[in-house]
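By written order: A, B, C, D, E and F. Residues from 1 in each chain.
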Amino acid sequence: MELILIFFSAAIVNNFVLAYFLGICPFIGVSGKISSAFSMGLATTFVMVITSIVTWLIYHLILVPNGLEFLQYVSFILVIASLVQFVEMFIKKVSQPLYRALGIFLPLITTNCAILGLALFIVLKEYTFIQGIVYGVGAGAGFTLAITIMAGIREELDLADVPKPFKGAPITLLVAGILALAFMGFAGLISV
Amino acid sequence: MKLLVHMLATLTIIGILSGGLLSEVSKWAKPKIALHRKAETEKAIFLVQPDAKSQKKIETVDFEIYRVFDENNDPIGYALPYEGNGFQGNIRLMVGVKNDLKEIVGLQVLEQTETPGLGTKVTEEPFTNQFVKLVAEPNVGWVKGAPPKKTNEVQTITGATISSKAIVDIVNGGLQKLRDVKNSGVEL
Amino acid sequence: MKLFKKAKTFHGGVHPNEYKELTENSAFEIMPNPAQIIVPISQHIGKPAKPLVKKGEEVKAGAVIAEPDGFVSVPIHTSISGKVVKISKESNVSGAPKHAIIIKANEENEVELMPSLNPDTLTPEEIRARVKEAGIVGQGGAAFPTYIKLTPPEDKKIDYVILNGCECEPYLTRDDRFMLERSNDIIAGLKLAMKALGVEKGAVGIEDNKPEAIDVMSVAVQDEPDIEVVKVKTKYPQGAEKMLIKAVLNREVPPGKLPLDVGVVIQNIGTAVAIADAVIKGEPELTAALTVSGLGINNPKNLIVRVGTPLADILEYCGGVKDNAHKVVVGGPMMGVAQFDFAAPVMKATSGILVLTEEEIKAHEETPCLNCGMCVGVCPLKLTPTKLARYAQLDKIDEAEKLGISVCIECGTCAYTCPANIPLVQWIRLGKERVNQLKNDKKSA
Amino acid sequence: MKTKLTLSKEYIKGLWENNPVFKQVLGMCPALAVTVSALNGIAMALATTFVLVFSSLIISTFRKLIPSQVRIAAYILIIATFVTLVDLIMKAQFPSLSKELGPYIPLIVVNCLILGRQEAFSSKNTVFRSVVDALGMGTGFLIALFVLGGIREILGSRTILGLQVLPDFYEPWLIMILPAGAFLTLGFLMGFLNTYTERKKRLEREAILKKHIKPISDTPINTVEA
Amino acid sequence: MATVTANPTYKLELTSSPHVHSRWSTKQAMWMVVFALVPCIVSAILFFGIYQLTIIAVSVGFAVGTEAAIKYVRKRKITLNDGSALITGLLLALILPPNFNLAFVALGSIVAIALGKEIFGGLGYNIFNPALVGRAFLQASFPVQMTTWEQPNYAVDSVTSATPLASFKFDAVGTELNTMLIGNIGGSLGETSTIAILLGGLFLIAIGIVNYRIPLAMVIGVILFGGVFWLVDPAAYQNPLFHLLGGGFMFGALFMATDWVSSPLQSKGMWIYGFGIALVLILIRLFGGLPEGVMYAILFMNAFVPLINRYTQPTVFGGAK
Amino acid sequence: MDYTLIIAIATMGGLGFLFAGGLALADRKLRVEENPLIAKVNDALPGANCGACGKAGCYDFAVNIVEGNAAVNGCPVGGDETAQLVADIMGVEAGSAIKMYPRVLCRGGNSEAVSKLTEYYGPLSCAAMDIVSGGNKMCFDGCLGGGDCVEACPFGAMIMNENGIPEVIEELCTSCTMCVQACPRDVIEMHPEDRNVFVFCKNHDDPKKAKDVCSVACLGCGICARKSDGGVEMHDNLGVINYDKLDQNLIPFDKCRTGAIGHLRKAEESEN
């Protein structure tokens, strides 16, 4: 039950994008098309899960025992950057279609603050290993949800007479603002 | 091969330098940070126990609690940091009670993630001052929309009922825990 | 008698005001020959015919003046006797100007006929040859050469010929009159078509707003066990091929496919009459039967006119246009073409001339699409017209194609219903054109 | 082929023309998250600028020594080191501010603005130019965050930098200090700034048009011109 | 060029087919909606006093004014006569608390039109229901004022009272269902009287402007999802009927969720959309921090409409099933 | 040297070593051959992988540029510098040529072209008008004046003049040919900038008819063709210039009754 709550909390109530402002860059950049937005969401979820596993291990097995908590950021980001690059190369080699669908989004994820944010939140919230993974899946699902909704809306807006200066990033931000308003309805739904 | 060595060397050296630098800086910063933390806690303790002149952490229990003393070094009560669920996330507060655990002396909210401008009103004086000299037995109650009639009640904040109730719940929970510990005979 | 079943139909559609009462009781009237005819050399889908006559040449009514050029093409006959004035590009009821042969009438009234044939002894090849020779094209609007429809590819198994007696377009009563006046010829034409195709089964689909026609046709098929009269629901566009097949046989023609692909050939009532005339009387397609109607014309009529007669002559013959006329349309009000030049001649497949007033058009101001979904609800092909139109407007052809823009039959139900009065059909037509253009570009690249 | 800008221009371009937030849409996360008040915005921008300048300094100094295959990892490692440094210093010296900016300090690491400048500029330019560029970008970031924070603070708590500027009868719009308000403010701000640039572009075009177009009726149909 | 001798004196039209049209126009439909809102306006005045007309007037005035101003600035045709801005203003006013601060009403109205509608390109392009965007903005900005409810006016003067939903949620006090049906309760202007809402809403359904599917799906959904919890624990969770009559449900179901622009195109999509709103609503009402959630539920599902439309796209005629 | 320092150095050094080794190995084992141009473009890009271009990171953007699916100036981060660099890289492939400009080969504006008896109602886009019997003008080959080309021009280099005929502002034109593609009547053609004699008409009607539809139509009299020694050929009642054989001095411009054949009126020259 607790795991389910963690999942929904991360996915909806405390949505990374709409409540924590994490991962805004890809949220604005890659939300033009539903297909690529969804792939981006999947790739992010994938990296989030891996990250939550690896950084948890590093933090609890290497940093904490040695009193090296201050190396958190440095070690986490190194791990994330290298892992992502490695996974990208691997996918590219193994399956071109998969690379086209998913892999090309991976470099973009290195600098997705949602990933590092996730790793830090897991530390901050003192999640166990399993909880951390569930949190990662939830955050990824939330990111996918937000970016896919946004892509759907933006595809619709392609057909609309949006004032020219507001096309692109501004309208995306405004829609995100309204979405954030709508998500406020979930406030207090789960407090984890 | 040369490239490989180059790559290895670059990252390794950067890593070593980074590790070294940070470790040194951290060595300098750590005591300061600890000091700040301590000062903060102390400040909060004296805020919830305005008559106190000194405090001491109680080491006999497995949770954080402070014994506070007046100018004569007589114990006058406790300062208890306690946390629980608010409207959106954790609320951590410090509550000061008298020795008999029957009257609250003061309350400070230490950490919260309530709705800015609304739920955050629970951290402000109009609300927290209600807890000064509040009877805590059998527990703290609340009323909505009107000034409280009983001595153990506080009025919730309009529009932030849930946050207000959360504070009351956390206070009750903390006091209950204290009472339980005391009743079980542990010396506080 | 398998006639009084519940009327069959399809999904979607609309029911516009019919206005059939204007002409449904007026029998065909033969209009006198005009002083001059303009005969376009392309009255059908496919390659234009090749003119055989020169300026100044005398021709006799019924003579071939242009021969087919290529497989999908038919010969063109002159419908009156006279002298060729010139061959040039002339306005045309289809909108775009086409090359036409202009013939000035002389006194002679005799028509040159082909030898009459006995329908019972003909082989399928002979029927097809005669249909081609007579220059018959489909009367349903698209004007597809009929002999090609009667020549299905070897690998397609055809088991049904359906005569389309729906005439679902408002105003038009031409087919209705044909069924009332020439039911036996229609059945004869149907039987010829079935023979040409080697098909056993035939059907005539008639909307239930023409009870008299249903009665008359049922009598005509009394002795034909293999032909049934099917009553279908009165709803536009019941007469569209795909919709009629769905209603009569419950078969769905897949997107991009033809009725052939589900084993059906559809012929219009008028085409059946033309086949019968060509075979039995030896008469090439020289006349067009049409309904002249609308609240803007003085005397609405059902007429038989010579192919090539200018619109102006016909309107004149029907008592002229009223002062409140707002629009002149050739064809039905849902799919017809608005006219701008009344010198334009009537063609073989012309089914009606409508003079509409504002009262009938009910045009209103165009407003933005509100996503009300009405067009989606009525589209007989289950498309999303509003999206297609918007994609076409913004030149997002790929998306439009993905949503199936090419399937659209331009029936006009969406634009008819649209409360925002968006010219959906116009945009979709544009989109379809762009799709084809891009396809051709790709092919040539 | 590539004209070198003067140093002052190198600095100024980051302020407006290539403003990281408004024009390049970079560093959005901190721009949105911490701008509840103008002060927070300034603090965040200063911290970011610090990291940006120092990592630019280091990276442009050693740019020739870092092999391209590991450059991202190397850069990000250097950046992360400086961020940790900032974090530790802030925690030690400015504890209240550090509490306020909370988890967003570490996220400077993944602020695409910083990595972006390293890749786009520092790895290809001399030390001095890189530092100037970094300073420019940092200032631009500062401007953006200050404006954003200022607007949100004024409307959301009727104060600016803690000073009350709107009268008491003005009821603060709480939405401005909520996430939704951040998105809306930045969205409108970017939109209006774009309107301004669009207008400038349009005027430029109109000036060109004016130069060229004369009513066509003035020209006779077939004058022969050579 | 040959001419018809009986050629009319003025120019004939040349347009694309089809050449005839059905009777409905956007304008007519819009005015029908306005007409259908009359019972709600009447009930608002009956229960909360004639002063509420000023709220409606301010809301409508600013909505119309904002729309005109933006259209003017954007050099677009000013299309006020389609009545859409009027409707947005009316709807917004009807979902505000009685005696609401007029300055806030004006702000909400401006936001509803500017942010809710015009920024997307105006009528027809908005993703979210403009009136709800306006209200959500007000709710987020002035939460206290937005949840201060006056008692219906023939009770004691200007005494605040909670809405039935809030009383139940925070004080575990129930309200008589028949009172809720008539509307003599605390709540937003036009939301309290279920009878008045039904009168207008059913009229719109009857003349075919509102599609019955969305409201029906919402009602079924609430009965279903709400009913499950009610059966599990009738003390903690209210009777589903209470949810139907309480808060803005009926008004939302008939006037807000059915807004043409921001609801799905396909029938199947409408069902999904309706059920989605019901599910989110029940979640918020039963487990969330807020007593009421119709607005959030509708806004939330508005965001899904493009995706719903996409995935309920029917196979074209004859296509593989 | 204390314990923490050593461990810290060891940890970070170790992690750095580990991942550098891993990446180096991966680079060697997992390398995939690809178009070298992509790598070149990729190198020129900022590499921030911020996604501001709408593509999935810099590499994807590079692929898209090389494949022609993205504009060289599509990277907002790199700005003009990057755009220039990328354009140079891509330009090597594209090669250089004489500047081409679109020319509007119809002068039948509102005051020259004859209108229909009917009035067109509907969208005022040329493409949409074209499919409804060609909108309001009688001529079926000329400019419709709906401004599709003006709309299509991404650089604002086309404007509709008072007479309803589009004009090209050469200063703003980048020869992208969007206007040519937008014109449903194929009235706009790309020509090298040094050509200045054109037949400003596309009408194939016979002389009598052509005169009826437009006062500046090519009547198809053929006088220019007869005098030009092959410089002008008649195709279906319309003069078509063969630029390879064209000798301007032979063209009897003053003999053309409608002025259909003539010199280009460049906008800026009209000022004198």
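We adopt the following convention: a residue touches a chain if its C-beta (ideal position, glycine included) is under 8 Å from a C-beta of that chain, and two chains touch if they have at least 3 such contacts.
The shown structure was predicted, so the numbers you read here are calculated from the model rather than taken from an experiment.
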item: Taking each chain's C-alpha mean as its centre, the one farthest from chain B; value: C
item: Of A-C and C-E, pair with higher C-beta contact tally; value: C-E
item: Whole-Å gap between the CA centroids of chain B and chain E; value: 45
item: Gap in Å, rounded to a whole number, between the CA centres of chain B and chain A; value: 31
item: CA centroid of chain D to CA centroid of chain E, Å; value: 40
item: Gap in Å, rounded to a whole number, between the CA centres of chain F and chain E; value: 47
item: Shared interface positions of chain D, touching two or more other chains; value: 25-26, 69-70, 72-73, 77, 80-81, 84, 88, 112, 115, 174-175, 178, 180-181, 184, 191
item: Overlap residues in chain C, where contacts from two or more other chains coincide; value: 337-341, 363, 368, 423, 426, 429
item: Sites on chain A at which at least two other chains make contact; value: 25, 28-29, 68, 70-71, 74, 78, 82, 85, 110-111, 159, 161, 163, 166, 171, 174, 177-178, 181, 184, 187-188
item: All touching chain pairs, where touch follows the definition stated at the start; value: A-B, A-C, A-D, A-E, A-F, B-D, B-E, B-F, C-E, C-F, D-E, D-F, E-F
item: Residues of chain E defined as touching chain A within the complex; value: 74, 115-116, 119-122, 124-125, 127-128, 133, 136-137, 139-140, 280, 283-284, 287-290, 293, 295-297, 299-300, 302-307, 310
item: Interface residues, chain C side, partner chain F - complex; value: 88-89, 95-97, 337-341, 363, 393, 423, 426-427, 429-430, 433-434
item: Parts of chain E lying in touch with chain C, wherever the complex brings them together; value: 1-9, 12-29, 79, 82, 122-125, 211, 260-267, 313-320
item: Of chain A, residues touching chain E in the complex; value: 34, 148-149, 152-153, 155-157, 159-163, 166, 171, 174-175, 177-179, 181-190
item: In the complex, chain D residues that touch chain E; value: 171, 173-176, 178, 180-181, 184, 191
